[in-house]
Each structure stands twice: as C-alpha cells, then as structure tokens.
Amino acid sequence: MSSSDRRSQELDIIPETFSGYKRVQGAYPGYYDVQSDVIPEIRVFSYNAEVCFEHKFNGLSELFAYLDKQPDTLKHWIDTEGIGNTAFFDSLKNYFKLHNLAIEDAVSGDQRPKVETYDEHIFIISRMLYHLPENNKLINEQVAFFVLPNILLTIQDEYEDCLEPVRERLRKGKGTMRASSIFYLTYALIDAIVDNYFPMAENIAQRLNELEDKIITNVNNVSIHDILQIKREILQIRKAALAERDKISELLRCEHPLKDPKVEVYLRDTYDHCLQILEVLDDEKEIAYSLAEAYNSTLTHKTNEVMKVLTIISAIFIPLTFIVGVYGMNFAPEGLEKEALPLNMPELYHPYGYIGVWIVMIAIAIGAFIFFKRKRWI
Amino acid sequence: MSSSDRRSQELDIIPETFSGYKRVQGAYPGYYDVQSDVIPEIRVFSYNAEVCFEHKFNGLSELFAYLDKQPDTLKHWIDTEGIGNTAFFDSLKNYFKLHNLAIEDAVSGDQRPKVETYDEHIFIISRMLYHLPENNKLINEQVAFFVLPNILLTIQDEYEDCLEPVRERLRKGKGTMRASSIFYLTYALIDAIVDNYFPMAENIAQRLNELEDKIITNVNNVSIHDILQIKREILQIRKAALAERDKISELLRCEHPLKDPKVEVYLRDTYDHCLQILEVLDDEKEIAYSLAEAYNSTLTHKTNEVMKVLTIISAIFIPLTFIVGVYGMNFAPEGLEKEALPLNMPELYHPYGYIGVWIVMIAIAIGAFIFFKRKRWI
Amino acid sequence: MSSSDRRSQELDIIPETFSGYKRVQGAYPGYYDVQSDVIPEIRVFSYNAEVCFEHKFNGLSELFAYLDKQPDTLKHWIDTEGIGNTAFFDSLKNYFKLHNLAIEDAVSGDQRPKVETYDEHIFIISRMLYHLPENNKLINEQVAFFVLPNILLTIQDEYEDCLEPVRERLRKGKGTMRASSIFYLTYALIDAIVDNYFPMAENIAQRLNELEDKIITNVNNVSIHDILQIKREILQIRKAALAERDKISELLRCEHPLKDPKVEVYLRDTYDHCLQILEVLDDEKEIAYSLAEAYNSTLTHKTNEVMKVLTIISAIFIPLTFIVGVYGMNFAPEGLEKEALPLNMPELYHPYGYIGVWIVMIAIAIGAFIFFKRKRWI
Amino acid sequence: MSSSDRRSQELDIIPETFSGYKRVQGAYPGYYDVQSDVIPEIRVFSYNAEVCFEHKFNGLSELFAYLDKQPDTLKHWIDTEGIGNTAFFDSLKNYFKLHNLAIEDAVSGDQRPKVETYDEHIFIISRMLYHLPENNKLINEQVAFFVLPNILLTIQDEYEDCLEPVRERLRKGKGTMRASSIFYLTYALIDAIVDNYFPMAENIAQRLNELEDKIITNVNNVSIHDILQIKREILQIRKAALAERDKISELLRCEHPLKDPKVEVYLRDTYDHCLQILEVLDDEKEIAYSLAEAYNSTLTHKTNEVMKVLTIISAIFIPLTFIVGVYGMNFAPEGLEKEALPLNMPELYHPYGYIGVWIVMIAIAIGAFIFFKRKRWI
Amino acid sequence: MSSSDRRSQELDIIPETFSGYKRVQGAYPGYYDVQSDVIPEIRVFSYNAEVCFEHKFNGLSELFAYLDKQPDTLKHWIDTEGIGNTAFFDSLKNYFKLHNLAIEDAVSGDQRPKVETYDEHIFIISRMLYHLPENNKLINEQVAFFVLPNILLTIQDEYEDCLEPVRERLRKGKGTMRASSIFYLTYALIDAIVDNYFPMAENIAQRLNELEDKIITNVNNVSIHDILQIKREILQIRKAALAERDKISELLRCEHPLKDPKVEVYLRDTYDHCLQILEVLDDEKEIAYSLAEAYNSTLTHKTNEVMKVLTIISAIFIPLTFIVGVYGMNFAPEGLEKEALPLNMPELYHPYGYIGVWIVMIAIAIGAFIFFKRKRWI
C-alpha cells in the first residue's frame, strides 16, 4: 500500500459535520444554518397491526397534507434522507413542535449518541458505523430520532443498509413490530445500529490476525501505520459503543409518557449487546497494542540478527585480511639479497611458508566459528 | 514451534457461536435459527434425599412423557449435550415456558456470563474454560442454566469433564446435595466451573516460568508471539472470571422465589474464589508484561554485546591492517636503487624494520585491549 | 525549525500570573498586591429588551457615577481590560461588595476554572485558550466573572476576540439575549469560551496529520520534541476543558438567587459541548502517543535498514578483499625461481590463475546476494 | 548470581497450599483433606489481668481436658503450629463448633486476608510475609484466627518470629493486653503482622538503591531479571497489604458480639499503618519501573557509545587503508621502464611521494578527528 | 555531576523517622521511645486581639509555670523545636492530656498528613517540603499540631522558614489573625505549608525546562538518572499534596468543638490551592515521562546517525579498497614476461590502466553518494 493510499484511509479525529451545515462560533443556542441544495427525500411507513403502507414525498408540504388526513389508528415512521436547508428544518420544527436545541443537534451531524427528553418529544442521537466495501474506509454517520406521539421522525444523510432489515420486518409484518408502539420501532432501529457494530469488530479481528501473520512471516512488509490505523478504528468504534451504552442506560432510566415500558426488557438486551461489543473491542485494543509491541520487538530481533551476520563475517575476515596484508609487505625487497636483512620476513623464503599461513588462517576461521557457536550466535 | 503451529493455537478474539447457529442482523428480539443435524443427547438425574436415578433420552417427547409421570417429590437435572435445531428449542420453550430472549442467548453460544430473572425461571450463563490436553489450545465453552421449580435445565455443546465431580456427588449422595434445593445444584455446577479456572491459572503460571527460563538462558529461542499468546489467554480467562464474579454478585443480590437463601453462604465462598483467581491472574498479567519487557531488554543487551565484539575486533585489526598496508606500498621500486629516492620508505631497508613493525603492532593491540578493559567492555 | 524557535514556543507548565501581580508566601487570605501602571479600560454595555448602549470609561469614579444614575430596568455588563493596581481593585471591592478571596483569585490570573457562591454574588473563573496567529503559540488567559444583581463584572487582561460574537449579539439584539437575565449573558460568555476550544482541537488535529505525514515520508525531519509539544498543548486544553466541565456541572447544581433557572437547559448544552471536546482531545492524546511510538518504530526500522546496507556491502566485499589480499602476498619472491619454493602460491604462475580468482570472487558475490535475497534483506 | 540461583529465588505466582493439603476439584463446600504426618504442637497462653500461664500440649485430647477444667475468668490463646490431618481438624471443629467453610480456608493455606463472621465465632485470615535471612527469599505464610468467647485459636504452619513480641508482652504483662479482651489480643497479633511489612519494604528499598548504583556504575553487571524479581516482590507485598487494609476496614465496620469496641481506635491505627506501607510500596513500584526504564536507556546509551568508537576508528582508518592500497597496486611493473607507462603511478617515482602520502593521510585523520569533535562524538 | 554526587541527592523512599526515635516491632500501641540528647527549644506566642508576647523557654517546667499563671483571655502557640526524649513527651502528655497514639505519631516523624479527633484535642500532621538551597536536596519534614482549647502545640525538628511569615503576621497584628481563634492560627500554618509547595513546583518546572534544553542540544550530557531524580521528587511532592488535600477535606467535614466554623471558607481556599498544585504536578509528571521518552528517542536517533556515517564511509571505501587490492595481486610476476601469462592482469600493462582504475573508483564513489542522497541519508 502506498503512503498516499494509506493517508486516504485516515480517520478524521473530529467527526465531520454534515456537508452544507455551517457552525457559527458564538451563535445563540439553537441556531442552525444549513445551505445545502439537496432536496431531502422523505419516505413514510404508515402501519398498524393490520396494514403497512409505504409512501415517498419530495417535499414537506406533501407530507404534512398526507399526515393531516390520516386516522389516529395509524403509526408513522417518517424517514428523511439528505440534509436540506434552514427552511426545511424550520418547517419540520414548526409542524412537529420540535425543540430548537434538538434540531440544532440533528442538523449538525457531529453529535455524540445521547438521549434528551423534552415535554413534547424524546430526542435520540445514534452513530451508525460501517466500513465502505470498496476501500474499507470507516464511515461514521449520524442518525437523529424524534419520538413523537405515534410518529417517529428520523433524520439522516443517507439511507443506511443496516436499517433495511427493520424496514423489511415492517413490510412483512413478522414478529410483533407492527402491533407495538412507536417506541418499539425506535428500539428496533437502535438495536439494528448496535448489532451492526459486530461485523465491524469482526472486520477488525480479521485484519489483526492478518497483521500478526505478516509480522511473524515478514516484518518488513508491515508498517507501524497499519497498526496505528487499526488502533484508531478500534478507538472510534469503542467511543461510539460506549456512548450507545450510556444512551441506552439513560433510555432505561428516563421517565417519559412516550416511553413504552414493555420495550425495557428488549432495551436491556441491546444494553447487553453493547457490553459484549465493548468487551470484544477491549480485547482488540489490547491485541493491537500487543502487535505494536511485537512489531518493535521483531524489528529489534532482526537488527540483532543483521548485526550478528556482520560481526561474524567481520570477525572471521578482518584478522585474515590483516595476516595476508602482513605478507604483502615489502620488507624483503628483491634488489637485496635475503641474507642482507635476515630478520625481515624470513617466512617468505620458507618452503612451507605459504601453506603455513593458510593453516593458520583456517585455524583462526575455525576458532572464530567455534567461538560464535558457543555464544549461540550461529 | 513453527509459525503455522503457532497460528493454529491462536485465540478467536470474538467468541464463536455454536456451530449450526446463525446470527441474523436486524432480526426481531428473541429470534433464533439453528440448523444442526445433531440430535441432542438428554441425560436426566432425578433425585431426592433418598434416591437418585439416571436416565438418557434421545428425544424431547420421551423426556416430556417421563417428566409428566414423575412425583413432585423428585428434583430433576436435565442435562442436554449438543445444539439441536430450531424445532428442538421451540419444544423446550413451550414445555418449560422459557422466555424467548433467554432461549436466544442459550442457543447462540457466545454470551457473557450473566444472570437474568424472569417470572417463571432464573436464567444463568457460565463460561467453561479449559486447555485441550493434546495441544494446549484454550477452549471457551458456554453452559446455560434454566432454574425452574424442582427442575434444572442445562444446555451445552459437549458434556464437560469439570462437571463430572458434581455428577459423582449426586450419584454417591455425599454431602448435602441430594437433600438440598435445585438452586443448590445450580450453585454446585457454577462452583465447579469457577474451580476449574485454578488449574488453568496454574497451566499459565508454569508456562510463564518456562518462558522466563528460556529468556534467561537463550533469548533467541523465544518468540515475542509466545508471550503475546499467553497474555491473550490471561485476558480471556480474566474476562470470564470478572464476568463470573459480577454474575455471582448479581445472584447474591437478586430476589427470586426460586432462589434458596441457604445457598448464599456458599455462593459467597465461590465469590471469594473468583476474587482469588482474579488476583492470581492480575499477577500473571503483570508478569507477562514484565516478560515482554525482559525479552526486549535482553535483546538490546545481546545487540550491545554483539556490537562490542565487532568493535573490539575492528578496533584492533583495522589499524593494524592499515600499517601492513603502508609497508605494502611500492614507493621503493626495485628498478631504482634505494639511494635514488632516499626518503621513500627507508624502513624497508632497516635490518630491524620488520621486527619493529611487529612490535608497534603488538603494542597497538595491547593498547586497544587495555582501553576496552578499562571501559569494562571485556 | 531551530532549537531556539522551538523553545520560544514552549508552554509554561505553571500558569503565569498576570503581570504586575505579586504572590506573597504566607500572606493572609484574600491579600492581593498588584503594581501595574496600566489604567484598565472599562467598557459597559447597558441594555434591556428594547435598548443597548455602549460606553467606555477610563476610571472607576466615572463608572460609579454613571451606574448610580441608571434606572433599575437596565442590565449592565462591565467589561474591564487590563489589570490595574491594588487601589483599583479596592474600589471595585468596596463599591460592589465583592468578597476578598474572590478578588484575590480574579487578580492573580493563574486560577483553575471554578464557581464560588457568596451571599452577594456568584464568582466564576474561566480560562480562555487560543493559538497566537503569528507563531501558533498557545495562550492561556483567565477571565473572571462577578455575577451581581443586574450587573455582570468581567475582569480580564485583554479583550479576547472570541467574546466578540456575544458583544455583536448584544448590539444587534438577535435572539433572546437582551430580554434575558444577566445570568444568561454570563452563560453566553462561558459558552463562547468553551466553543472556542473546538478550533483549537482542529488546529491540533491538523498538526497531528501533518506530523504523521512527515513521519511516513521522511522521519529524519521530525523531532520528537514536536510531538511532545503537541502532547503538552493537548494536556493544557484538556485540563481547561475538564475544569470547565466540572465548573458547569457545579453551576447546574448550585442554588443561588442570582441563578436563572431558564438558563439550565442551555448550560446543559454547553456541558455536552465540553464532553464532546473532551472526547476529541482524548482521541488526539491517544494519537499523539501513537505518533511518538510510530516515530520510534520508524527510527528503529531505519536503523535496521542502514544496518542491512552496511552488512550486505561488508559481507560481499570483505571476503573478496581477503582473497585479493592473499594474492598480494609476496610468497613468490622474484629473486627466487618458482621451482625453489614449489608450494608457494603456484596459482600465480597458472595461465588461468587471474581469471580463476575473478570467477571465484564473482561466485562469492552472487552467493552472498542469493543468501541475502533468501533472508529477504534485499 | 548464576541463573540457577536466580531461579531458586523465584516467587510462586500462585500461593502454595500447606503441604499435606489436597485440593479436590468439584468437592462439596467445606470439604477438606489433609494428609500430613506432622503432629501439630499446641501452645496455650492462659491469662487474665493478674496471671499468665503457658502450656504445651501434644494432642487435642490433652488440650480439651485442660480447657474443660479452667475457670471462666481466664482467657486462652491456643496457638497451633503445623498442619495435622483431617481427624485433627474434625476434633477442633466439633469441640469449638467451627464452621466447615472456615476450617477449609484455615487448612488450605492459600487464602487471601479476609474476615468472616459466623454466629459463634469470627474467622480471620492474615498473611505473614518475611524474607528468609539465609537467601533473601520471600516467604508468604498464612495465619488463621478463630475468635471465640474468651478463646483465640490460631492455626499456622510454623511459629513466626514476628509474633514473639506479642507473646513477650503477654508474659511480662506490660501495657493493657492481659487486662483486655481476647479481641484485643487478636488485634495485637494482626498489628504485629502488619508492622512486619515495614522491614520488608526497607529490605526492598535498600535493594533498589543498590540496583540503581549498579546501573549507574556498571550496567553490564545488572540483569533485567533482578529488577523483575524486585517488582514481583513488591507486587506480592502490596497485594497482601491491600487485602490487609480491606480486612481491617471490614473488621472496623462489622458488628459481632465478640468484637470489643474499645479496640476500634487501635485498629484504626493499624489501618493507617496499612495506608503508610501501601504508599511506600507504590513509590517503590514506581521506582522499580523507573529502574527498568533506566536500565534500557543506559543499555541504548552504551550501544550508542560502542557504535561511536567503531565509527570513529572505521572512519579514520578505512580511507587510509584505501590510500595505502592504491600505492600497493602493481601498475608500475618493474620489468618495464617508467617511461613505457608514463601515466601509471608517477607518484611512486617522486622523491617526496612517500612523505606526501603520509602528509595526506595525517591530514585526513586530523580532518576526521575535527569532524567528530564538532559532532560532539569525542 | 559525578555518580557519588548524584547518589547524595537521592531521596529516601521510606520517610526517615526523627533521629533519636526508635521504632520497636510489636510494641503496644502508643508506645514511644526517644533517646535524643537535644533539649528542645520552646517558643511561645501569647496573644489576643490587642497584644502579642513572645517568650522562649528551655524546659517544660518553666513553660508549665508560665502557662499556669496566664489569664484565660490569651491564646498561646507553643512552638517546640527539636525532638527530646521520652520523659519530655511524657510531661507534655500529662500536662495537656494528649492521647498516647497521637504522641507516638508526633514523635516518630514519618507519618502521613492526617487529622485525628480526640475528645480533648484535634491532632494534625503536616509534611513540610523544601529544597536545601546549598545542594537542591529535597527535605521532607514533619510538623505535628495539637489543637487544644486556646492553645496550639506544634512539634517539629527544626523551625522552618516557611512558617516565618505567620510569626510575622502574629507579631505585626496585620489581618484578623490575632483576633481570631486558635483554629485560625492552625489554618494559617497549614496554609503556609501548602503555599510552600508552589515554589517547589517552580523549582522542578525550571529543572525540567533545563533538561529539555540539554536533550535538544546535547543528549550525551544528560543522564537518565537526572530525569528519574526529578520524577521521584514530583512523586514525593505529589504524595504529600494528595495527603494534604485529603487532610483538609477531612478537616472540613469533621465536627469538633475546637473547630472554628468561620475558618471553613479559608480552608476551602487552601483546598483549592491543593488542587491547583496537584494539577501542576500532574503536568510535570507527564512532562517528566515525556522527557524520558524524548531522551530515548533522541539516543536512538543519534545511534541511527552514527550508523549512517559508518555505513556511508564503509560503502564508499570498502569496494574501492577491494579494487586497489585487485591490482595489488601478484599475478603478473616480474620474473616472467607479460606474454607468458597473457590473461593475467593485462590491465597493468595498459598505458591508461592506472587512470582507468581511478575513473572507475571515482565513478563508484559518486554512485554511492547519489544512492545515499536519494535515500535521504545525507
């Protein structure tokens, strides 16, 4: 993987706001300013125990006209996709009597998972995480829920696949969803979002296993930045899961007329799932840290081995080179006779001189070999 | 150990579900889908203070027929082995009036230890850990307990050896087990599972000792991955023991008509065992971290020693090689007479030139030796 | 960046007191001694729902005269810039009946964010952080708030830009600020200060990204001190944000007649912002630590590569140099005939001797190359 | 210290049970099986404010006969040494009506410090730590206390020296011990055990100081395993001290008729001692970690220095060796006249050639020296 | 700094007891044994709102005689310097009715900061820290306070300078001290002790800055032990400040007739100072850890640079030395004619052979240079 590829995979430390949203420093609380040209798509599921209709609207006026003439016995899930502009949210706010601060949070796109109870509605933020199939990039999207009497309004930038099974359950009428309250639908959506953290943890577990294999087999093909990238993804998912856990715990504790007590046992189950995913993520975090450590140890080990090869070769050949250098000296100049300088390199004139030098050199090489063998370097 | 062997020993970070179980993203709560061909084996212990019968059934219809005609004075432990299919669990659910969410957890096989109280029964998950004797692989199995009036139903994938002593106590009627409530039997099984963590901790302690020995004697035979493997096993056991501790604490606090207050003093004893095992595991974790550190330090120490050998050899022989090189220069060409270039290498013509060079070289070698001795490198 | 530049960017670990303030060890509580020649500038916003006047005063006597003749229907924000001398604060204390300990804290300039409630007023400390645009130095200024009936007195060393939007909202009368209580104004200022932590976190996130890029592309241009500098800035901002969070939580809990209960929902929003910034900072801290680790790993990796180059070159050429040294020996002195010493280097007289040596040397070089290729060093 | 010596000093991570005790997996609660041939020695102190008698018994029947005929006004400390067999403990249990679970814990020898209150008695476990004087090995013994009306029964494997001062105080009647309740005696024994942790912490502090000295003066004589050994001892003592602290806190809170309220102020003093020893141990732990770090840093520093020596020597002599090699080339073959190849090494025939080469080489050496001096390597 | 100097600066991990005090293992609670020849100096401040007298006494009998004849309207601060002997403390205990355990703690000199309330008096321990001006050694002294009705008795080994401002305030009668209760005086002394931690933190901050400068400019002049020394000092001060904070919190919560409720607002101020100093110390701790890390990184960086120099020089000259070695071989023996061995080194006889070799060698050197330039090693 090239460095530029690696960078493109990088996580934004600070969650991005929705495109079109502009944060204004020092603005009054509940102020929002969205300047997008996108016309949000509005999908509505109207259902009760017997029926389930599915509609699409291109504007709020159509939606409001539709809602106004519906009987009280129907529940509606209004599922908007795409962030519109300030006027769009003003209309929503006025029609459904939503709180300014809640709209501001729903619109900004960078909020932590949380629950806020207002007199007229419950406001919930979830963060939906998934890896892009094409490049494994971690996407961190926001979904906002407004729980109103018999109406659930969700605001998201894109319809996420992980909510599709819930839509399917609504359409097919399996289980008790159509007969249950609008709060049950809210639970089912939150549960689907939390359930989606499991395949992410598996994605990471698999990459950790691959990384460990690569560290064992060929540490030089591993970059410490791959490990850091995984650590960051774990931190991102963990942060979301922690906030989800706290949010669900808050939902369990809070008191609100729109809250359906029958859903509590299911919420507790989702809470358990949060704990389970957090345990897995804690393990993965620990393993990611261990891998970084193993990477460093393995590098040190390799350096140690490289050093040994260098030292063994040097230790054998440097003394030998010295010896042959000795007999390359010109202390026995040819112009003079051997007897003139009898002390100067008489070995050269010895019939077994050359062979003797080879024997000495081979003895030195064998000695060095035995020395390193004893030191367990070889 | 080859790398492939090492990999085969690797832990799954995410606990595996039972084979046959299929998790469905976004399914309604309490949904379970098991597609195994295995026909679960059903073993029943029917006992009271006086008697203890042991039966085996191959199907639920046999079991239900048996149970229907038993007197009220008998308690039954229904011990199933092997995960069947959806129909099997549907029958169990209907006959014993088990809660959907509990069945889902019992069937999935990857749940955390926990207690859940329903109106009709108490539901408990334990995790049974053991090392496979053949390859020391850590196995992490789930056992689910349904505590019903006078009936304990356990669901597990394989009969585990560590529950055998409890079966033996039932058969032999030692202690007060046969005379005690069905909740006492539940306690005895949980206690046996927790007790089994001790030999695991001993297995790890022994491997840590062996690793330390190897690091001291021959660090190059140690792989950092062996240390990481032990760290992960400690984390696995610790995670299970922590959840067991919390579960037992929950069991101590919860109020349920099926809970036998006489068992509390024994549960507190098991709670103490959890604390004890956690303390041991904390120590082992600390030691595993220390070993990783010792491994790195020892490697650095070895590199330091290798460097020293290289430097000593180089420092002694490189200057000597230079000197012999000097006297290998051809500044005293034979074609010319010595007097033609009187400044060019007169040493070569000196009767003690050769011996003088050796004296200088030996002096340099001794000097270097003394230098390194003073620096405490030798 | 030169070392001296780096030093000039360094953070003071201990927050600086305002210039002119002298801390006296062992002085009685509430003692303050300020010896500055600066005459503080006093800007007053007098406003209610309908009007908003802005005045500047150069002395306290002018201010007090102005305040004395104002109607009760006006609220005043008295915004002082510059720390004066002891006499200045004595006057303020006497006119507004401020508590000695509060004045001492407002004057010293090195206090932690906190709330203190006195009978007559609420005293609040905030810390305003910003990067100097010219050299990116982190500045850590104190703002003290005295909330009095219908009066807010703020004491700061310099008018900070981040409060300008609030002044603008007062002037333009947008939102509900002019109609709301003086406590709402206090909230708005604290909120503006907390909001200003976000661009700081973005500044740091960007620098972390740049550092990571540099570590990947050219680790030698990175200094560990750049990473440490960022870590320290994160710690500074985190410390301030933590104390702000605790302060706001304290403000939410405290009971005081001057506290406006309508502001609580907004304060809770600011509290959420604190949590959000703390999460971002925690991530940034984690990433800064990872970068330090990546820096070290990359250095070790580079050393490993340098070692490999050295070892490969040495391993190829040192043996070859030995071989050519062998045939540089003078065991075949020209003065003697070849037959005199038949065992001395007969290779030299072989017609293919030279070519043979080259073949041997090339074979050795290729062998070494294959050896290193197999070891994956090349 | 040789490696085998080091190993013999190693701590058992899992506390050893008393020899003779056999843990049985899955046994019923309160089951104990001890198979020792040792006949426990029984020492009894019978005392009140006026008198103090000391007896020794070799069997329980003698003891029970003695106790049966004693007046109510005497208090008895029954101090057993050595773990006997199951029959011994059965007799004790029946005579004193001890709880099964308590006997099991007293007998096993590997329990954590704890308090357990039963209707008839208070059961306390302490861990007594000391260094063997002969080889500085850390010993971790268990003492069990059964507080009964007017009787204190202690079970230990060996009479420990650190309880001797308490025996002496009983004999000499100093202080208020003889006049106080049996619970006061229990306190005094626990206090003596906790007090004994101080000389252990001093032993460790001294060894840490010695280690630091050795790291500064000669890092190669230090083994990382010495540091790890100290870390483990600190962890052992800390674990015991933490559990003692919790135990004493539990003793302070618990309500039992056998508890003497006058002792609370003294127990609080012992609690303070626990806090004090824990603070010291925390410091020692921090220092032990710092020493491991200093050890690694010092090793890296040494490697750096070794590298510098190697590089300086290489950088000076390798170029020089090249130069002398140049003039060792045979491009000026003697058989030919100088004029035949006028471009081939004319330097050799220059009268100042040799001296010129020396001047160049000395210049290069000085240049390298200055270069390294500037780089502050020398 | 030499190693012996460094050692002399070392902190005692275990706080020293006062000289003369002997700890006796297993002694009864409240036992103290002091064997000093020093006759403590006793300084008494007798004051009320109007007057303040200062006396010195050389013995307790003088003091008691003086106190006996004083009117009730005077408050007395009895400030003893120097630890006397057992008799001295026995007299104090009897005259002022002090509790045995409190006297034991006051006398031992190694206690943690704490508050203990007895019926007759409040007992407080503070730890006074300062750097010796002559050698910057950290001194850790104990001051014990006995708060009695209208009398404050302090026991310390030496009169500390940091209490001097309080004595001055008593003498000069500034502030409200002389008019306030004896508990206010106690507060003022504790406050002076806590205030004195600030200059210590500044001392450390300055040394950390100096160390960082040295690491940047010349890492070889820095010893890891200097960093460890600072870390230990930070730990010492932090430990004292933490205990002071807890002590003051305890003082704020405790109820005692001798406690003056008006002092609470001032104690809260001191509590804030503790938090402030703890924050600074936490930052300093973090920076000290970072410096240790920067030290190691810088060393690794230096080693990397040293390696590069070695590798560049070797990579350039080792191949060149090989080449010149080739042409130093004697395959063209002069005794034979060139034509006899036409394949043996014909280059030697080529007119441009020598120049050709130089060209090849220069090309190799330039190639290596370009290679290293591309690798960014130069």
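By letter and in written order, the chains are A, B, C, D and E; residue numbering begins at 1 in each of them.
Here is the rule we go by: contacts are C-beta pairs under 8 Å (C-beta built on N, C-alpha and C of every residue); 3 or more make two chains touch, one makes a residue touch a chain.
Computed from a prediction, not measured in an experiment: that's the story for all the values here.
S.K.: Quick one: report the Å distance separating chain B from chain D, using the average Cα coordinate of each chain.
M.R.: Whole-Å distance between the two chain centres: 26.
S.K.: If you average the CA atoms of chain A and of chain E, how many Å lie between those two points?
M.R.: 42
S.K.: Indicate the residues of chain A shared as contacts by at least two other chains.
M.R.: Touching at least two other chains: 296, 300, 303, 307, 310, 314, 318, 321, 325, 328-330, 334, 345.
S.K.: Viewed as a graph of touching chains, is the assembly arranged as a line, ring, star, complete set, or other?
M.R.: The chain contacts form a single closed ring, each chain touching exactly two others.
S.K.: Give the chain order around the ring, anchored at chain A and oriented so that chain C comes second.
M.R.: A, C, E, D, B
S.K.: Can you tell me which positions in chain E touch chain C when the two form their complex?
M.R.: Chain E residues touching chain C: 162-166, 168-169, 174-177, 188, 191-192, 195-196, 198-199, 201-202, 205, 208-209, 212-213, 216-217, 265-266, 269, 272, 275-276, 279-280, 283-284, 286-287, 290-291, 293-294, 296-298, 300-301, 303-304, 307-308, 310-311, 314-315, 318-319, 321-322, 325-326, 328-331, 333-336, 341-345, 376-377.
S.K.: Which positions of chain B touch chain A when the two form their complex?
M.R.: Residues 3, 6-7, 10, 12-14, 23-29, 31, 101, 110-112, 114, 218, 220, 223-225, 228, 231-232, 235-236, 239, 292, 295-296, 299-300, 302-303, 306-307, 309-310, 313-314, 317-318, 320-321, 324-325, 327-330, 332, 334, 337-338, 345, 348-355, 357.
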